[in-house]
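Structures incoming, each one as structure tokens.
Next come two complexes, and both contain chain A; in the first it sits with chain B, in the second with chain C.
Presenting the complex of A and B:
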């Protein structure tokens, strides 16, 4: 095993270009457990540029190498993302696990992912000759599958600044700490003058990727909030065919589905 | 060659960069305080402090350590802070089989070093990644609370 130790992002992409087989090591919390076969390991954890969190008028930029701990201690990070991060593992993991690692593992149980989908986050990918930006849902193709070629590195996550009048997040796990989620749910909404003007809903651990269905969200835009309770059955039916969880060691498909539908209903009933 | 600081001593080691810090601590440096419970970052028995933060040494690849400062229970046991925790863990009956204890002590230090006067909830969160199958946790929580009280000025 050969280790590659870039200090700068520019150096890292050059190394990745020269060593296409090299696996990327960010926090290591997942890689060290799986210990996937590889001959070269490119360590990203010394690169300060990947730890930057900044903003401009419209967006917040989060470096892919930021640990959960660093995100929790930064004022620019949206509160709803922090809420999900607080529910991840325990301090010793939060101190090294990174948001870039959570994304690039592309697990449907990745706790930051439903939030990033609901916030409409974009990812910026860098290689020796290009920067590419695309929506997170186009970047994550399936379980451990990414739209990332062997010369590219995830540089940062871009989140548009946006205020929501209603935010709702629930993770369902076996216990409060150290649990991988059985299911997770995030609902974001804006209500103005009694009307629903923005609605974003995402589910984790219920399919091979995070589920967010924009056409369902759009269907209920402009609806009067007082009329919403009468649509709850219809909304749940709309999501029915998208929530297709599996049985595994953590939970059963039927439990996951039932709990997701209950969380969806609870979120909708609490909107005001 | 991987260069780092182990219990305040500068050390170099030539090893596969994917090797786990836990194994190097135990096998190369004969530091038996960090224990392997789960090997998956869930039990905290291998926890050490790296650059001031609590980290599970089973999840650390040697190659990620470049110049980091690693403190194990062996290095920590030379401090006055440790002496207080040692005493309060005994007073509170917080040790039974002892397997989780080095990790618990490191978690207590990681907490107290940033929060010298923690609430019970703070303590529960701080040790939430450390499993103990003997004590039922309450005695450990009491021990850390006592340490905060008896160690005023140390943290």
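Presenting the complex of A and C:
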């Protein structure tokens, strides 16, 4: 097997262009477990440009090569994203696993994904001749499927600066560390003058990708918060057809669905 | 506290902490060939044809035709072939071995071999099983009469799941041939078991087989019988190819094909009189043995003997079978049949108490064993039973009674509960097996420089045996611990002091060493090479009849009480531990730190068994064959446990020590289940109680 070790992003995209079959290797924590076979690996972990976290007036930019610990130790990273990262694996993985890897592994159980979907994150993809930016939900197509061609590298994640008066996150795993989620839930909301002005809800591990349904969220915008409890049954019914978990070696469809609905209801009841 | 109980630095501490210890995968031998096993992908089938591609030089196939002796694995009896001939009986059964220089190439060859099967009907579950490999039953008093005269009969069924040992080091061996003699190195509990198996398979003389234990990263029973299988496979291969061979399982393979704790189905019936006293109990136990008998008959014996736990029940009838299924054969795991029975009897007692309106503790206390009582098998509890003192201690530590009263009629998302379980463990082998079958021999050697060496076939698998046995010898002779050594056994050097199983090593072998050390002390000649040999002598026991299961089943018993306090999050059906307590009677503690390790490890392993360690067999395939999917508790899932040992020296153990290793796993599962039951107010008859199962039991979800 051949290893490619670029030090700069420009070098990396040129290498990727020249070696289209090379697989991208960031922290390697998913790669190593899967023992995936390949002839060429392109190692991204020496590229400092992928480790940058910065901001402008509107956005926060997170380099795809940032490890979980680097994210936890940075003040710009939204607290709700940090909360999800704290629940990932164990310290050894947090030291080496990256946010870019979590995204590009494209597993519905990826712990940062529901948060990124709810925050409306965008991804910036780079190749020798162009940069592309698109919403994360357009980038992740399915289990281990990305809108990323064989010349491209995920450069960074762009998160719009936004304060939420209500944040709610819960991962449900078989144990309290080193566990893939059976289900996860994030709820974000803003309430102004007694009215719901922003609502974002995402579910992990209950379908082939993260579930976020903007038309349901929009339906309840401007609703008076006092009236919300009377709509809970309706909101749960709205989500019913989107939450389609499976039975597998980690959990059951009925359990996953039940806890998702419980978490949704709990989030809605606690809004204030 | 006894002087010997004071903790020391373990004998193998430095080599393990420095990384110097050589586990089987660390051993490098020039020109070694890597071996992998081609395994059955069918649960029950005839092998019609095996299509093997043409192999390049230096790559070899080894199968049953290469076996010089008998193609059968020696365990208790011999049933399982080393390599399948015409038939396979479970997914994972070994068909042939491929060996060669490059490991990846060996794997490719394995993938390129095509086995043509003719499938036959397979049985996957205890429910569907009709054939069995062993059956035992016994009675005390007149159970039939008790049931006839009962005012009330209460029946419940219990189900327990698989449990995987999840030792840190996967199983593996290395074999080589020298001068017509085969040597096997490996991770193992019982070098002489491996030797006997290899002798039979190779048709060799005893002196043609040498087994050496390498530093072993955990066993928990899982390395009692299976290393014999690997040892035989490698012995056959190295004898054919005449090169050193290395066969080390990867984790997924290890989890899929090595023996686990038996799933069990247990039916308990209690006969109550008008005053709600138990006058009789009838127990029927079925263990899922998997495809071959292996150790299962002995596991069942312990399940049956332990069926009524620590309770004096006047009339009992106990019966059980090991059922055959086309699944991976099950075997030894810490507790060895007792965890299934103790979960059932403890939970049954709680349910009976609830039904008749007593607290579980009030009800259980009426039946607790006392010294002099007649045991389930009509033996006699010869030695002090200190359950009342232990109960007093654990009540002080846990405030069980107050919390039990407090946690009634709860509502809301988070609800608390507390449970208490009593248990015992028969120390060592059943009945007279030590005297009649094992016949332990140890040697204590004094070298000319006056340092001592223990020659014993018992193994330190992480439980601290090197330290505890050396402490016994050093303490008798009043010499520094550093003056006594005990290295990993090599069957060419050490006598057969029996296997490292059944919580016997320290109690039985330690006693032999204590006696040897006393003899050496009385005959000590400075600067002279001396060897003291000791043979097992059975202490007084009511003779054991293995046909009727009557007499003293074990020379003595260790005892324990656990309390577990939990909080259930009813929204997610998950639990948090709030408190875990244990009080144990293991005679004299030989090392407090080692005992603390046994207590905390055993209790957590029991909690995993009760809660999260789910392993399912789906049509013969183990569904959770990885450490990702088979979840054992992590540091984040536990809390500090509070433990204590009471002093109750046993005259036939070294410095009063009894068995300790298995005892510690037995109580937390039933205590946990009682705690969850109290929190949520529903009856639970199965483990592991995963959140999925709890939510299913509470149909439609909890009312928050």
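Simple rule for what comes next: the second predicted complex is superposed on the first by the 272 of 272 C-alpha atoms of A that agree within 3 Å, B and C clash if a C-alpha of one lies under 4 Å from a C-alpha of the other, contacts with A are read in each partner's own complex, and residues count from 1 in each chain.
Assume a contact is a pair of C-beta atoms (placed from the backbone, for glycine too) under 8 Å apart; a residue touches a chain by one contact, two chains touch by 3 or more.
Just so it is clear, the model here is predicted, and its values are computed rather than measured.
Of the two partner chains placed by superposition, A:213 touches none, neither chain B nor chain C.
Of the two partner chains, chain B and chain C are each touched by A:33. In the superposed model, A:178 makes contact with both chain B and chain C. Once the two complexes are overlaid on the shared chain, A:225 sits clear of chain B and of chain C alike. Once chain A of one complex is fitted onto chain A of the other, the partner contacts of A:96 are limited to chain B, with no touch recorded for chain C. Applying the stated contact rule after C-alpha superposition, one finds that A:255 touches chain C and leaves chain B untouched. Residue contacts after overlaying the shared chain place A:266 against chain C, while chain B stays out of touching range. When the two structures are aligned on the shared chain, A:141 is found in touch with neither chain B nor chain C. On chain A, the patch touched by chain B and the patch touched by chain C overlap at residues 33, 90, 176-178. Residues of chain A touching chain B in their complex: 1-3, 5, 25, 28-29, 31-33, 35, 41, 43, 45-46, 69, 89-93, 95-96, 176-178. Those residues of chain C that touch chain A in the shared complex are 571-574, 612, 614, 616, 623-624, 628-629, 631, 633-637, 690-692, 695-696, 701, 704.
Listed in rising order, the residues of chain B touching chain A in the complex are 16-18, 20, 39-42, 44, 47, 53-56, 58-61, 63-64, 66, 107, 110, 125-126, 128-130.
Interface residues of chain A, counted against chain C in their complex, comprise 33, 90, 170, 172, 174-180, 249-252, 254-255, 258-259, 262-263, 266.
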